[in-house]
Structure formats: C-alpha cells, structure tokens
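We call the chains A, B, C, D, E, F, G and H, going by the order they appear; numbering starts again at 1 in every chain.
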Amino acid sequence: MSSPTLPPGLAIQKADERIMTLNVGPQHPGSGHMRIVVQIDGDQIVACDPDPGYVHRGEEKMAEYRNYTLNVPHLERPVIHDSCNILYPYVLASEELLGLEIPERAKYIRVIASELNRCIYIQYWLAIYGIFLGHSTMFMWPAGDRELLIDLMEKMTGARVTHSYFIPGGIRNDLPANFEDVCLRQVNYFEKRIKEYADVFYENPILISRTANTGVLTRENAIRLGTTGSVLRASGIDYDVRKKEPYDVYDELDFETPVLKDGDSYARSRIPWLDMMESCRIIRDALQKMPKSGSVRVKLKPNPKGELGSVYKRIESGRGALGCYIVSDKKPEPYRVKLSVPSFRNLIAMPHLLIGEKLGNMPSIYWSLNYWPVEADR
Amino acid sequence: MEQWRLLYNNQGGEIFGSYLYKSKLQLGGTNLIKDLVTPQNANVFVGKLGDILEKAIDKPLGYAINWGRIWSLWPVHIETACCSVEFGAASSPRYDVERFGIIEAFGSLRQCDLVVVQGTITRKMAPRLRLVYDQMPEPKYVIAMGACAITGGLYFDSYNVLPGIDGVLPVDVYVPGCPPRPETLIQGCMLLQEKIKRMKARKFV
Amino acid sequence: MVGELAGSYSTVVLMFGFAVAAMAPALLISRMVYPRKRSNPVKFLPMECGQVPSGEGRTHFMMQYYAYILMFVIFDVVAIFLYAWGSTILYLPKEATLPIIGFLAIIFGAMAFALQQSGRRNIW
Amino acid sequence: MADAVFLALSVITIGSAIAALELRSLVYGSIALMGTLGGVAGFFLLLDSPFVAMFQVAVYIGSIAVLILFTVMLVKRELIFKKIEDKRRKFAGIGLMLVLMVGLGAVVLDSGIKEITTDEPPVDFREIGTDFLTYYWPALILMALILSGAVTGALVLARRVDEENGQRVK
Amino acid sequence: MGTATGIIKALNSGIKHIALKRFTLRYPEEKLKFVGDGYQFDPSTGVGIAGLKGRHMLFHDHCTGCQLCSIACEGVAEAIGMVKVPEEWKQNKKSIMPQIDYGKCVFCGLCVDACPFYALYMTNDYELSSFSKEGLIYTPAQLAVKPSLDQDVEIQISSRGATHG
Amino acid sequence: MVNELSEFVLVSVALLGIGIYGLAVKRNFIRMLFAVEIVINAANLNMVAFGRFLPHSGGQTLALFSIAIAAAEVAVGLALIIVAYRMYHNIDIADFRSLKG
Amino acid sequence: MSIIAPKFKLSEFIKSILDNIFWILLILTLIGLPAIQFILFYIEMPVINGELLTPFLALTWLADPSRSIPIIKAFMTTDLFRIAAFPGFGFAALIAAGTIFVERKMLAKLQLRVGPFYCGKVEGILQLMGDGLKLISKEIIIPAKADKPLFWAAPVLFVATAAAFVALIPVAPGWVVADIDVGLLAVFAVIGFFPVITILSAWSANSKFPFIGGIRALYQMVSFEIPLILSLLGVVILTGTLNLSEIAASQSSFPWIIFLPVGAIVFFITMLAELERIPFDLPEAESEIVAGWLTEFSGMMYGLVQLGTYLKLYAFAALFVVLFLGGWNGPMLWPPFPEEIITEGIELGPVTAQFPGLPILTQEMINGTLWFVLKTVGVIFFILLPRGVFPRIRVDLLLDLGWKKLIGLAFVNIFIALGLLYAGILGPGGIF
Amino acid sequence: MSSDPEKEPIEKKSEEQKSSEDKPAAAKPTPKPAATKPAAKKEEPELPAFEKGLADKITEKFGEKTTVSYVKPDRIGIKVGKDDLHDVAEFARDVLNYDHVESVAGVDYPSDKEIEVVYHLSSYTDPTLSRQVLELATRAQREEDPIPGNDATKLKSLRDVFYSVEFHEREVFEMLGVYFEGHPDNRRLLLPEDWADLPPLRKDFRIKGR
C-alpha cells in the first residue's frame, strides 16, 4: 500500500508479533458496508487494505438492458439519500443523447430538489460521523433535522428518499400547491438548527483535539489522488463543478463554495456543514427566481433511441463531482453506462491517510472521506 | 480404591446403576424398585408432573419472559445496503424506535437479538450475514427489510444479488418498500412483537 | 485484644460475598431458562465482524504506552505515601513539612524524566 | 470467631502461595499470588494495622498485580515451558523448604515468644505519618531516591531503542 | 481557557435542548398527513400529480387489460403480473388485470406513468408489512379497495422547536 | 490464637519457606519474582506482628517502606523481564548463562 | 446398558442437577414447607412472656406494631439489613436502576425525542424490567477458546467489587455498611480491583476486540488512578482523617468544594474516566473496537456488567457528595415525629396502638438520606450530561490529560489546601 | 452488435453535421410551453476554439498515432493506440496540465474483438481547463475465453502517470478482464472472492432472463 512519493508511514513488511490484523467490518459499528483490513502495531495503523464490494449490485450491467426511462429507478439506488444528485448526470447525459431541451421551470425545480437532497445527504453523513466519534447526540440532531427536508421532498416527489423524480425530459410531477411557503419556512428553520451544531460539535474542544491534524491530506496529494468534493476543498483547492462548469441554472444563482486549507479530518468535516448553509441560500434564491408556472416535462416517445456517440456529464453531488459516461448505439437501451462516483474516487485516499495514524482516528478519517460504500460498489 | 475408579470411569455408571437396580429391596416377594420404577411408570409420572408444572410455571414464566423479549429487541448493527439509511431514520428523533425498546447502533452482536436485513444481500455478503446470524445468541429474530431483502427487488436480474434472503436466514417478518418508510418498519416490528407474544418462550418442564 | 478493629472490615468482605451470592443465581437461572438449540460450532468462534477469525487473539499490548504502567506502579506508591502525611499534618509541627517537600522535589524530578520518556512514543 | 478467621486466612495465604508457584498457567499463578497478598493484608487487619493492610491491597493488588498480569500476558509464549524443572532439584528444594520451616519453627516455638501476648490498644495509624516525618525522615528521602531510581531505571531498561536505520529491534 | 469555555458552551447547549419540544412523531397513534391522495398521473399532459407513492389502487372500471403497466414494470422490478379476474367489463375483453407483488415493487410509480387509461394510481397507504411473502401479493380485488386512513399530523414549527401536532 | 505472636510468626515462617523453595527450584524469571514477593510478604508480616505485640509504630512504618521498595523492585524486575524477552524470547534463567559469554 | 443411567458421566450428571436445581428447589418449597408447618402444628411451641407461642399468636405479633416494631428495629440494626437493603446493595441497586432509566429518558429529551415509551404503559417505566427479563432469558455464549472459569467469574466479580465499593459510602449519620478508620484508603484499595478484573475478563475471552478494549481500560483506569488519589489529598489534609463519615460530618457548615474547587474538578474528571463514560468510554468505543471488553459477553453476563457499572457510578457520585458536597448535611427538611404518638399511642378504630420503639428512622437519618440522595442525583445528572454533548476522546490525548494536566492540577490543589491550612484560614486555628 | 466503433474517427465535418442535426431533433419533441432559454452557445455551428486548440496540440505532437474522435464544447475525445497511451498521457499531464483521472470506463466491443478503455482526464490546477474533460480512449485485444490476467487482454498501466487510476484500473481489471501491466495491485476489488465466471461487464456475459 505504500508508494514512493507518499509518506510511507511505518513501512513494515515482515510480520512482527506486535502487529495484529484486525478486520473492521462488514459487521462493525464503525465500518459501514465494507471491510477494512488494518494491521495495528499497538495503537498505530501500519497497513490498511480497504475491501469494498459488499454491496456490488451490478448497476452498470443492468443499465445496458433497460431503456433510458426505466433506468431511472435503479440508477438512483446507490445513494438513496442523495438520489436526485446521482440521477442528475445520467439525466443530463441522456437528454443530450436523446436531444431534449427541458423547460426552464423544470430546471429550477431540479436545482431545488438537488440542493435539498444535498442537505439531506450531508445531514445523514454528519449523523454517522457523530456516531463514529461516539457522539450520540450528533447522530440524533442531524438525523432529526434532516426530516424537515425529507418532509419537503416527500411533498414534492411522493417518496421519502428514493424519489425517481428526475427523468430524461424533465421531472415527473409539478410542485404541490403552496410548496414555496412551506419550503421557505422549513428551510429557514433548518438553517437555524444547523447553526446550533457549532457549540456541541464543530467548536467542541474535544472534537477539535481529536480530529484536527489527523489524516492530513496535502494539496499535492489531493490533486494527485484525484479526490473530489469536500475532501478536495478541505485541502485548499477551490473546485466545485457547480461553479466551474455550471449545469442547468447554477450560473444564474448566487452562492459560494467554501474552501479550507488544513486538509485534516476536521476541515473535511467542516466543509459539508458550510456547504449546507450555502445550499439553503441557493434554495431561497432559486425559489425566488423560479418561473411561477409552466411545463415541467417534455413528453417522450415510448422507447426513445439515443443517437450514436458518447457523452460524459458531471455534476457536483453531496460528496463531490459525479460523472456519468454513456455510450449509445442507436438503440433504446444505452450501450454502456459508467458512473464515475466520488466515493470510489475518494476511496483511494484511505490507505494513504490511515497508515501511520492511531487506531482511534480510523473511524473519523474513514468517514471524513465522505465515502458511501453502496455508491462506490454500485 | 479399585472399585471407586471403576465407578467413575466409563462403565462405572453402569455398574453403579445396576447396583441400585438389582438391590435387595424386596417386599412381599416382589422386587419393589424393579416393578415400580419402570421406564413406563417413570414416564407417566413425569408426564403428570409436567402437566401440573406447565400450568403452574410454564405459562406465567413464559408470559413474563416473552414480555421482556417483546420490549427489548436490540437489533444487530449490520448494514447491508442502502435501506440502512431508512433504518437510521427510524431511530432518528422523528420516528424514535427506542419508544419500543429498540436500541439502534448497538455494539456487539453477542448482545443482540434481532437481525434487520437492511436491503440487498450480495453474494459476497451472504456468508458474512449467515455468520453474523450464527454467532448471535438464541433467541433471535429476522426482519427482511426492503424489496431487495425479500425478493431481490430491483436487482432481480443482477448477477451478484441473491433473490431474497429466505435461503440464507429464516425470516420472521417481511417489510416491503424500497426503502420501507420508517413507519412501515415500525409496523413490522410491531408485527414481530405480536409474533413473539404468540411464540412459546421455552418449554421449561 | 488483638484483632478488634478487624470487625468493621468484615462487612466489606460480607458485602462482596453478598453480591456474589446474589448475582451468581442470576447467571444460574439464566443458564436454566435460556433456549438451547442444536448448537453450531460457528457460534463459539470469537466474534470478528462477520469474518471467520484468524490469528491470535491476545497480541495487542499498545506498547507505546507501556511506560505509563511502569510509572503507575511507582507513583501509586508515592500517592498513597502522601496520605500518611496528609492525614497527620494537623497534628504535626510545621517543620515536619520540610521532609515531604524534599520527597516531592525528588519525585517531581523523576516524574519529569518519566513523562519526557513516555512522551517519545517511537521508542516504546 | 477471630480464631476461625485466622485459620481460614492462613489456609488461603499458604495455599495460594503454593499455588502461585506450582500452577501451570502463569495467569492463574498471578491470581493465586494476588490471593497470597490479599491474605497477608488480612493478617495485617487482624493485627490492627489497617493502614498497612489497605496500603498492601492498593499497592500490591491495585498496581503490582496489574503490572505482573500485564507482563505475564505479554510474554505468554510457550517458550516459558520449554525447560522442565528436573525432579532432583525439585525434591532438593522441597527438602530445603521443610528443613527451613521445621528448623525456624522449632526455634520460634522454643524461643519463648510463645508467651508474648498483648492487651494494649493498637497503634494508631497516624503515628506512622508522624514517624515518617520525624524520626524516619532520612528514610523517607532515601525512599524517594529509591523510587525515582526505580522508575528511571525501569523506563530506561524497558524502552526499545531504535537502531539508526529505523529498523525495529525486537 | 479556550478549552474550558468550549466545554461550558457545549454543556450549556445540551441543557438548553432539554427545554426544547420533542420532535417525535408518535407513530402508531399519530400518522403523517400527505399531499393529496397519492401519486397520480395525467396521460393527457404527460405530467404527474404530486402525492405519496404508496400502495397502488386499481380502478377496475377503467382497466383495459392492456398490460402497459406490466411491461413498464418489467424494466423495473417485475412486480406486476397480469391475472384473470372473475368479473367482466366491456372494456376489458381478456379479463386480465394487474396483480402486484409488494415484495418486489419498489414504489417508483412508473407503472402509473405507463397506464394510459387512468386506471392505476397510488394511494397514501404504506402499512404493508406481513408475516409471509404470500401476504405481500395483492390481487386486483385487493388493489381495488380504497384504504381508509386517518392521517392528520404535520410538522409544526414554533419558537420552542419543531414538533408534530 | 490471634492473641499469640508465635502463630503469626509461624505463618510467616511457612511463607518464607515456600518463597525460598520457589527461589531455589523455579527457573522461570516470573515465578522467581513471585517467590521474592512471597518472601517479602513473610518479612512484612513478621514486622507488623512484632510491631503489634510489642506496641511500637516502627513495625508498621517499616512495613510500609518495605512494600514501597517491593513495588520498585517489581517495576525494575519486570522491566528486566521485558528486556530479556525482547532479546531472547525466553525467560528461562538457565539461558541467561549465555550472557556471560 | 443400564436403564437408569445410560452412559453415566459425572460431569453430565452434575450439569443436569445444576440444570434442574431450580425445579428441585421449587418442589421442595411447594411440598416441604407445608410439611414443616404440619409438623410444627403438632410439636410443642415455646412459651414467651407467659404465653404459648401458637402460629396464631405469631400472626398477632405481626399485626401488633408495638410488638413487631422492636423486632423490625432490631433487624434493621443487623449487618444483614445494612448489607442487603438500606445503605448497601438494595439501595444502591435501586439508585443504579433509576439512573439507567433516567439516563435513557434524559438523553432522549436532550436529543429531542421520546425515549422508552410503550413498555409499561406510563412513559416506559418498565423498560428496565423488560430488558432484564430479556437478558435473563438470553443464551450465554462462551467462546470456544475462552478461559471458562475466568470468563464466568468476571461479571460476578465486577458486580461484587462495585458492591464492596458501595459498602464504604456513608449515607446518613451512622448509616454506613462498613465504618472504617481508613475508609478513603479502602476506597483506593477497592478501586484497584477494577483494572484487574477488566484485564482478566478481556484476556479470558481470547478474542481480539475484547483484548484491545481490556488493554485500553487498563491503561485508562491505571492512568487516572493517580490523579484520583492525589485530588482527594486536599480534603484529607484539611480534615485530618481518613474516615468517610468523619469527613462528611466535618462539612456541617460548608462543603469542601468551596475551598477546593480544583480538587473537585479533577476528581470529577477522573471519576468520569474511571467509570468509562463518554467522553472517556474508550474501552467500549463501539465505532473502533465493537464493544471493547464487553464484546464477548452475552445475555445475563452483559446485564451483570451493566449493573456493576451503574453501581460503580452511584458509588463514585456518592463519594463525590461525601467528600466535596457535604454528604448528608443540609437544612432540616423532614418534620420530627409527633411526640404524642410515642407517648400516648394512636387510635386505630377500636384499638389504641402504642409505639414504644418509635421512631425507627430518626429525623436526622431521614433528613440526611434525603439530602444525600438529592445531592447524589445532582451529581449523577452531571455525570450523565457529558454523554449527550461530547464525543469520545482518543487514547493518547486521554493519557496525556491524565498524566500531565490532571496530576499537575491535583498538586495545585494540594498546595492550595496546604496554604489554607498554614495561613490559618482552615484547620485548628481557623474558622473550622 | 451495433457499430459505434466503425464511425469512431468522426472528422470535423461530420461532427458539424451531427451538431446541426442535433438541434431540430432537440427542438421537435419539445412542446414549447416553457420559454426555452436562448441557448446561444450551442447555436454556432463552428467548433469551440479552445478545445480545438488543445486537440490540435495533441495531434501535432503525435501525428498519426492519435485521432481526434470528437470535439464538443468542453469535451475532447482522443483515440490512441495501445502502445502510445502512456506517452500521450504523459504529454497531457506535463504539457497540457491535466492532473488527474476522473473515471476509467471499459467498454466491450465483441464485434471488433476489442475492449476499449476510456480515461477521462481533468484538471484541478489549471483554471483554463476547469471545464474541460479530455477523453483518452484506447483499445486492447479481446479474447473469447478470457483468463483474466493471463491472456492477451493487456494494457500498460497509467498508474505511474496518474496515480488516481489505481482503484479504477483494479475495477476495470475485474469487470472486463483487462490486465494492466505495471499496476502493483491487480487484485479483486468488488466481486466476491470466489467469482469464477466471465468478467461481468463483457457483452457475452448475459444476466439472467435477458
């Protein structure tokens, strides 16, 4: 696992009797749906081998057997709490392949849904981060406040998390009546709530002493490893697809992308929090600028055929840049769908960050990489 | 010394037993013990006693123990796929399964009694799931949560997903949905409580 | 009489014994009540996160912090030594504090060295 | 009552002392050693010196036993049992022990301390503190020196010195 | 000193929250209110009508047995099977109607989108757990039943926190 | 029984004997440490017993010192064992002969 | 083959007896007790106070308070009562159980949710009973490679040690299980057992995670024992005694926390660490090492360890109260027992009952207990609260905290106490 | 199977045609109730200049060895031969400032007996490139009966050029059976340890019922 240019950690090749091999996962409160094989020398991790694939469900293969519309339900399953965002690049790419131009109102609604979903995702992430740090309240508060937005999404789409809302050609249904008011009310309250986390979590001295200066990912390594999203922005690189390559109507909205310099677990855990506040801003802005009425969906022919060629689209999801690469061969089904998921791209950083760290830092570093195993496995 | 050693090695029991059996306790010319303590008689006697005891002890004790089991279902912390998100939501403040005595995020599987199979079981996961189930102490219950765990759901034609977990674990309650709403999960837990109530706790006698 | 004072200590031991006597039946009843099924050898393997366990179970000693245990043995003695002084200080003249100051000074020196040594995690 | 306690304590103490030396498993040996130390603490209680007794329990069981257990677990390899003690030596040892015990016992019983009994009140534990700070204060300072020396020495001994090239020394 | 103030702040925040109202929805007693009667679809405009994607509801008098829903579902989860129904409708010559296996259904609503005859909708019913797999299969007759629900609780936001009430 | 000094001294003698036996016979360093502990405890017992029967606080004071020194000795002894273990992976006293060269 | 004992094996035989001992005992009580009474009916009864003691008379004794109360009172002064019920095990277990329940409810309230609710109809008050019944009917798994005797003994020893700790706590004037001259030292001696039991149980499980947890627990307890011991020295210096009752009594005018706040803080922090509570619950850190040294405990064993933990929690909280918050001292809240009832008796319908032995529980004792419990509950609240607002700390930070900061603060506290003493503010010449 | 590959080397002219065809197709199904944004960028038929410049740089340097498969706004597609991939990647890194790989996708073309591996390169450091994605496609020989790792389906690993491909290449190896020479860790990643079937993303691996 060691590389010539990265700090080698404690490179120990021969099996020393002080070294113990520990399986963390798949049934482990601190592993999620994966296994990490770590070797520890006392308190220090000397080798680490992530073993994902416990939720590998073959989405990419299945996508080759379904047409562009019917691919929607299963392609959103890898990250059901960020399901709008994981569908987004697929929908954008297939719209380009199918040659569709979607209505303006649908674009705004998509942006709102995607930002709401980003918050939902981050709140869940934060909740688990709390659990991983042994902070049960920090599980409960985000998990509860997240329900405010889930309630909104449910009003909007009819499902709590698996919305199947975006579809090639727009969105499935229009907003319900007086959605804007409810949305504003709950988003405002939500923003108030997340600011409460500062005292018990983000400015808690114990948390800071525990996460600051651990698992430092330098700027160079962040680039070299091709990490993305909050991991990247915590290392001081201002790269957000929403800003750099705006899709739909992001170029008309007013927001910023937070960047921190330290590159440690603390910075990585703080970026999403700041992101959520920006998301609230975007939602309010978009609600204001949205056309108040109009069509939201382009009617498709049954079994539309994509044109020959390939498309690569990317968006910024809750975890980072999410790309979708579709190859089409003029059939109703795509020839190949490849999701380039941020979790998988961030996984590569895990061995590098874990080696040489304390065992106690493992959960916090692991989860601060913004890794969602189901997505990485697809 | 020699006899004692005989008594306690493997055949010792036999000698000891037959010594009692063939003892000279005789009454009126018949071998009392031999006649009275026949296997049949013993069975009848024990059966009668058992009936009485069952009425007196089994029912109330079984009721009490079942009551305890109902209100203290501790799910094991095994996340298998995306349904775990909604499982987490079920213990969030909004749905708070702790009202029913279900504590989520419990540490070790040795103290748990409920496996909530939270979604897709892939081929790689199945043996591990089984191992986790095997290592849990009795009694243990299984809830299949989500379409994937019940039949494979969306992934009915995927190459790496099992079509439901019936082949792996004995399922008690099926909770459909993709993912099931926390309400549905809670309803499933209530069904499980119903089921436990009707189960026999254990034959004590 | 020798051994008079010991009476009041016996209650601590009795309490200990009472707790054992009260709690052991809980385990015993539990052993009688719990359901027994045909047991599976897998069940009795050490728990290792759903993985078939491998390797030794008792090799983790966190030698990085071994120094603290060594220090503990010494400073535990020192700390309780101080009680002999602390409980009598009210009945002693003020000069009697001087030896303990000297005692503490020497111990502080040792402690500083020990903390410095134990702080160097890589030599353990 | 006190006599019965005394008898029980002697049995526990001596029995676990033998067990500590003879049990095959070192961990159980350490537990038996804890029994011995606890038994001696019980004797101290019987002798009306609770301070020493509690000190004994706190120090011996609370810290020394912990350290011993830790070390025993650390070096628990089978190698420990590689060498079997030879029988002759063992019997010689037992003989030596018996001779010693009988001899000393005879001397003790013969020496007239059998008559020594007392009805005087026990010494208050506060006198120990007074002793420490008045009559025995040089011993106290010496004690501090010994303890500091011990902790320094132990730390210096037990640490694992790294070689120059960063390779670890076992 | 920063540490001390931080710790006191955290404790203070914790104590403050003890005074807030509880957010919990007491589920078996209270049930959430949803938008509308469930997800519906208007084939004429091609746009859905917002609502909860719960159990389906089949209007026997509209269903023509055209199997479009079943075909749509084949690409999703194969939850719909067409079965014979004893009743006879003039628009449904073959007398076949969808039967849905909720062990497979993922509540995506694409079958609703596919039905061109306003026959298949979704309702607000979500309490579907069952002891057996067979109990999850809903026949057309069962699907025709309109669930009776009393769902009336919504999120309320007040100065003392959000509640359900 | 408790009122007689000789009983305590006899127990102490017994412990001393066991300790000496352990020191003489056992070849395992840790066992020898146990034996030393037992011997020290025998001595402590004697001291406290005499201190009680000839009422004098010195007995207890000396016992305290003795226990403290025993702690120091154990710390150093176990550190030695660790060193030896690291070097030889073996704690047999017989093998320490090889140290002599 | 014999019919009665096919394949007789002694161990099996003993096991079967053990398995059936409950039923044997039950049958004995069901059949034996009536038999004994039957026999008693025929044998001659003793004569007491000129009356023949018939069972009927014995019953009337029970009904007559003037006769039964002295008996009860006599019983209450016995060691058995103290050990099993009031200041001892029963009382502590009650508070421990209450603590568990309150912890769950309070944590739930802090986290904006309800907590146990349906078990036992009213706010889930029977939740604990449910958990207990569940645990007792749960299988106990002994890992195959475990060291069985130690593994079985560890939970029981843990509870017993915690109980021994409880025995040292004075609850009200004169109400303490073991009134010892060197009570504080005895506390240290008892605390010293916990690391040993923990490491032994962790070792005996022969599994990776318990062992890591055990080693962590060892380091943690061992490192915090010294600040713990040192932080209490200040109180001892000022009171000149090691007896806990005397220390509590010495605070009748003001609690020591006013003069020794540093010591109190250090003691509180070390207490959290010794109790393995968040933020110091490293030995059970579930996200790192599953459940630490509890990983392999199943069923009732786990229940016992939890009971022991909460007994320990109560004992530590009570120790804090005794040492720093003035123990049972507090203004008289409880009204004195009405004099007339003692002298003139009370009319109960046609009967006039006299209570010669009254009052059993004196006013001081009830008042003291009241204050003691109130203060203890307060301290327990502050022990529970960090669980809601702090994350877990890390091993190296923890050890640094214990060895550098806390020991330093403890010495500061000692010097504060010395200063107070030598400045004459407290001590023989001062205001105390 | 369909013949995407045959037309792969699309010349600029056909690209123009294609994009001109694009518009009516896009416009037709839209019922136009919503005010569509005047998509000014997409109106002009000529190629985006910056992207073209980049593509030209590569063709200049490598000439015949590479072909530009398409140039679209923000996207460039380059096809490279198997042996030159390494050089082109190094060129892209050192000269063009692409610094990481976003995704590595394998596409199976059984009709051509080839497997295409597509690297999507992008850049964090160069602000001018922040919208750009460079698609490097290369093809490896495909075998009917694959023995992953031990047959001719091999490529040279790009791990020493772009470190970020490490796990992506592992995935492609197990999903399509393309062995990457020079990759230190060609181990199984996602599939079960006992997977003995064809690599699943090959087209001749049929999933059940289809």
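Everything that follows uses one rule, which is that a contact is a pair of C-beta atoms (placed from the backbone, for glycine too) under 8 Å apart; a residue touches a chain by one contact, two chains touch by 3 or more.
Keep in mind that this is a model prediction, so the values were computed, not measured.
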{"item": "Neighbouring chains common to chain B and chain C, by label", "value": "A, G"}
{"item": "Pair joined by more contacting C-beta pairs (A-G or B-H)", "value": "A-G"}
{"item": "Chain whose mean Cα position lies farthest from chain E", "value": "F"}
{"item": "Centroid distance [mean C-alpha coordinates] between chain G and chain C, Å", "value": "19"}
{"item": "Where chain E and chain H are represented by their mean Cα positions, the distance between them in whole Å", "value": "41"}
{"item": "Mean-CA-position distance for chain G and chain D (Å)", "value": "31"}
{"item": "Sites on chain D at which at least two other chains make contact", "value": "2, 5-6, 46-48, 50-51, 55, 58-59, 62-64, 66-67, 70, 73-74, 117-118, 122, 125, 128, 130, 132, 143, 147, 149-151, 154-155, 158, 160, 170"}
{"item": "Residue list for chain E, restricted to those that touch at least two other chains", "value": "7, 10, 13-14, 22-24, 26, 76-77, 106-108"}
{"item": "Junction residues of chain C, two or more chains touched", "value": "1-3, 5, 9, 32-36, 43, 45, 47-51, 55, 58-66, 69-77, 80-81, 84, 86-89, 91, 97, 111, 118, 124"}
{"item": "Interface residues, chain C side, partner chain F - complex", "value": "1-3, 66, 70, 73-74, 76-77, 81, 84"}
{"item": "Chain C partner contacts - residues on chain F that touch it in the complex", "value": "2-3, 52-53, 64, 67-68, 71-72, 74-75, 78-79, 82"}
{"item": "In the complex with chain D, residue positions of chain G that touch it", "value": "147, 180-182, 185-186, 188-189, 191-193, 195-196, 199-200, 203, 218, 222, 225, 242"}
{"item": "Residue ranges of chain E touching chain B (in the complex, touch as defined)", "value": "22-28, 31-32, 76-78, 101-108, 126-133, 135-136, 164"}
{"item": "Residue ranges of chain G in contact with chain A within the complex", "value": "107, 110-113, 208, 212, 278-279, 281-282, 285-290, 387-397"}
